[in-house]
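As structure tokens, here come the structures.
Next come two complexes, and both contain subunit A; in the first it sits with subunit B, in the second with subunit C.
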Partner chain A sequence: MESAKEFKKVVDTVSTLLDEICFEVDEEGIKASAMDPSHVALVSLEIPKLAFEEYEADNHDIGIDLEAFKKVMNRAKSKDKLILELDEERNKLNVIFENTGKRKFSLALLDLSASSVKVPDIEYPNVIMIKGDAFKEALKDASLFSDYVVLKADENKFVVHAKGDLNENEAIFEKDCSAIISLEVKEEAKSAFNLDYLIDMVKGVSSGDIIKIYLGNDMPVKLEYSIAGVNLTFLLAPRIEG
Partner chain B sequence: MGVQFGDFIPKKIISFEDLKGKKVAIDGMNALYQFLTSIRLKDGSPLRNRKGEITSAYNGVFYKTIHLLENDITPIWVFDGEPPKLKKKTREIRRKIKEEAETKMKEAIKKEDFEEAVKYAKRVSYLTPKMVENCKYLLSLMGIPYVEAPSEGEAQASYMAKKGDVWAVVSQDYDSLLYGAPRVVRNLTTTREMPELIELNEVLEDLRISLDDLIDIAIFMGTDYNPGGVKGIGFKRAYELVRSGVAKDVLKKEVEYYDEIRKIFKEPKVTDNYSLSLKLPDKEGIIKFLVDENDFNYDRVKKHVDKLYNLIANKTKQKTLDAWFK
Partner chain C sequence: MGNTFYITNPTNEDLNNFINLYIERYILILLARCKVFYEGRAKSQLEEGDRLIIIKPDGTFLIHKDKKREPVNWQPPGSKIFWSIERDCLILNSIRRKPREELKVVISRVYHACAFKCEDYEELNLTGSESEMAEMIFKNPNLIEEGFIPISREYQIPTGIIDILGKDKDNRWVILELKRRRADLQAISQLKRYVEYFKNKYGEYRVRGILVAPSLTIGAEKLLKEENLEFKKLNPPKGGKRNLNHNVKSKKTAVLDEWL
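Entry: the complex of A and B
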């Protein structure tokens, strides 16, 4: 893979929500999905083989401790290439940073079975495409006064609203503002979500990235974006309104 | 340990009802020590798992936290970080006391004087780093927020109370008052006595002194940073010296690190980096930790895990994704 540093963002984001993960590897690429232990959030990632400069694999399930993986990825330097290599004999995943030389880390494989959890097929009335950093900043604003946030959409705008005991905050994205790429709204909708989870989910987003937000009434919110060719999908259960 | 104000300052008995709907910061180390000394079998020995590891602290963290939530009190646990250098002496004294108690306990067992053995066994309470780490792990499984203080836990808890993020600090010690906590609640994590509320304003008004004066009184009596204090001076004498305005001069002469100690209380190391929100618990994770790894009774734990889950679900209004997978 071209850039170890970019892939680090993926591992960083996923590891804030999950402790361990099982990568399902086949000829077409790598997939993984899992719910967090409290069943509030779901993470799904897909690395098509095109995301790699070179890709050679057959069917394997690779269980990894994400804390250890994260530590290793934190050692990636900006011009390092990333090589992932399965050592079946020793039951390890070799993570190799290639630059002026090769730095190799071997991670123990965990005995995890591939999760049967897949992103459920939910039909959403509304899809918002927004610049990642704009959404991320709006969430950070919201966290000043509250630990949850209400996401609202109507045909003219997308709104991020937070209300504490005394103070309030609102980020308004009009349909034609520069942060909004597209706003497809079939019905006016709003749902409330825990901010800690949402902020964790967009951790890996940097300027230039675009987030697709699927929003309904009292439904889980679905977020989609990609980093370094890796497609990430997150689902977060709503709070009960009121 | 901490400073012993005891009966010299005003306090009032309150009930759990008075704390309803409030968040409190628990002095984590203080509570864990309490669990370790009080949650014991009839023979005075602590609870253990089959490997012989002591599990009293986990019992306290689990059941006490749920008990508080049931009373609509949200506990935020605060743990110590790096202690100030001046605390070294206190820590040495504590270690020595424990070693002596351990010797006496062994002697009592040899003489088959079990009453004596129980008495000393309670003083031999080592809170290991592993126990503390496991308590934090258990809290994270339970979805209960905890804060890692940069230095003293009581300083951090007091800071959170001063900011208004929590209503009071929960501790058996009075040191939080010196850190400026507006309210300290005692006996909340014990079972035998009624909770007591101490309000800093009332203490200062009642004694007609400033917080600086109160800190001076504490330094006379002895704090964790100058154990023993100034020889021969108790609360009454210290209070007189403070009221007569000569306290600072006496302390400067008598206490080696007077300025440093004051600074620990006045400008403690604290952090704003914490979250206070509850999360839905990891039910399976809790059962794995308490029942499979630490030999707690399954039925009792299961009942409380379900209770915890419902309490947090009601409080946070957080749904799970399960409904969308049917």
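Entry: the complex of A and C
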């Protein structure tokens, strides 16, 4: 893969929600999906083989400790290329950074089975495409006063609203503002979500990235974006009146 | 259910049971006569005297004298505690790995021991605790198995406290012992004791014991199989900020299982 540093963002983001993951590898690419231990969040990633400069693989399930993987990826430098190699004999995944030299890290494989959890086929009435950093900043604003946030959409705007005990804040994205790429609203919707999870989910987003948000009423929110050719999908359960 | 338990001038056996029950779960406070040996970045020794010892569930270890503000010896959170009773002395070992430091306390006499279940509505722990695991299970019993009905938390019986007591879809009693880390022999022994108590009360076939933890030691796995107990792999929820208990407002979070 071209940029190890870009891929590091993927691992950083996924490791905020999961401790370990099983990568399902086949000839077409790499997939993985899992729910966090509390079953509130779902992470799914897909790396098609074209995301790699070179790709040669047959069917394997590779279980990885994400804490360890994250530490290794943190060692990636700006110009490093990333090579992932499966050492079947020694039961390890070799993570190699190549630049002026070759730095190789060998991670022991975990005995994990492929996840039975997949992103469900839910029909959403609303799809919002928004500039990544705008949404990220809106979430950070929201975190000043509350630990949960309400996402609202109507045919004219998308709103990120947080209300604390005393203070509140709102980020309003009108349909024609520069942060909104597209706003398809079939039904006015609003749902509340834990801010911590949302902020973790968009951790890997950099400026220039676009996030696709699928929003309904009292439904899980679905977020999609890509980093370094890796397609990430997140699902977060809504907060409901207790 | 109370949140403090204590024993005064205990026998070695009572002390053993008391510590076994509460260590690493509740704050343990010991008023004791002891010697202290410290080895790590330096080496020091404290002669025998009466001390106040505090051991917190996160590994924090404090030894106070009857003067001044600062503890005379301590270990930070994350330190691991080992203990044993040898030749009439209670030996506590608090070990820190980086840098390697060992605090050994040799207690010749425990005047009073107290366990304090310190409820904190602001989650300060950095990793998921057993309490959070229990909440996770109550919110979503299917995490254990389909049809599982959790009934009671911290259920007190003569030989200890059961983390979660419930019933399965065939109406059999189910006892859950939760561990947030790799479970060892001690955990299996605990579960075994509880299951035995229940079997005596309700009859052999009607009680199941399940150890719920991220993993088991090899020894624990062996004993588990020998005793016909079960294991369910479950990781404690990640990250202290994400304490779903922290809902002072009425909104609670749903679980994705509803939509999958």
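Note that the second predicted complex is superposed on the first by the 240 of 242 C-alpha atoms of A that agree within 3 Å, B and C clash if a C-alpha of one lies under 4 Å from a C-alpha of the other, contacts with A are read in each partner's own complex, and residues count from 1 in each chain.
In this text, a residue touches a chain if its C-beta (ideal position, glycine included) is under 8 Å from a C-beta of that chain, and two chains touch if they have at least 3 such contacts.
Bear in mind the structure is a predicted one, so any value in this text is a computation, not a measurement.
Visitor: Using the overlay on subunit A, decide if subunit B and subunit C clash or can fit next to each other.
Guide: Clash: subunit B and subunit C overlap once superposed on subunit A.
Visitor: Would you sort A:A41 into first (subunit B), second (subunit C), both or neither based on which partner it touches?
Guide: both
Visitor: Please indicate which partner A:I122 is in contact with in the superposed arrangement: first for subunit B, second for subunit C, both, or neither.
Guide: Both subunit B and subunit C are touched by A:I122.
Visitor: Please work out whether A:I172 is in contact with subunit B alone, subunit C alone, both, or neither, and reply first, second, both or neither.
Guide: It touches nothing on subunit B or subunit C.
Visitor: Now for A:L17: first (subunit B), second (subunit C), both, or neither, which partner does it touch?
Guide: second
Visitor: Can you tell me whether subunit B or subunit C touches more residues on subunit A?
Guide: For subunit A, the partner with the higher number of touched residues is C.
Visitor: For A:I240, decide between first (touching subunit B), second (touching subunit C), both and neither.
Guide: both
Visitor: Which of the stretches 7-15, 151-159, 205-213 or 223-231 of subunit B runs into subunit C once the two complexes are superposed on chain A?
Guide: Clashing stretch: 223-231.
Visitor: Which positions of subunit A sit in both the subunit B and the subunit C interface?
Guide: 35, 37-42, 117, 120, 122, 147, 192, 194, 196, 219-220, 235, 237-242
Visitor: What residues of subunit B sit close enough to touch subunit A in their complex?
Guide: 141, 143, 275-277, 279-282, 284-285, 316-322, 324-325
Visitor: Can you tell me which positions in subunit C touch subunit A when the two form their complex?
Guide: Per the touch definition, subunit C meets subunit A at residues 128, 136, 139-140, 143, 234-239, 241-242, 244, 246-247, 249-260.
Visitor: Could you please specify the touching residues of subunit A with respect to subunit C in the complex?
Guide: 16-19, 35-42, 117, 120, 122, 147-148, 192, 194, 196-197, 219-220, 235, 237-242
Visitor: If we count contacts the way the header does, which residues on subunit A are in touch with subunit B in the complex?
Guide: Going by the criterion above, the answer is residues 35, 37-42, 117, 120, 122, 147, 192, 194-196, 219-220, 235, 237-242.
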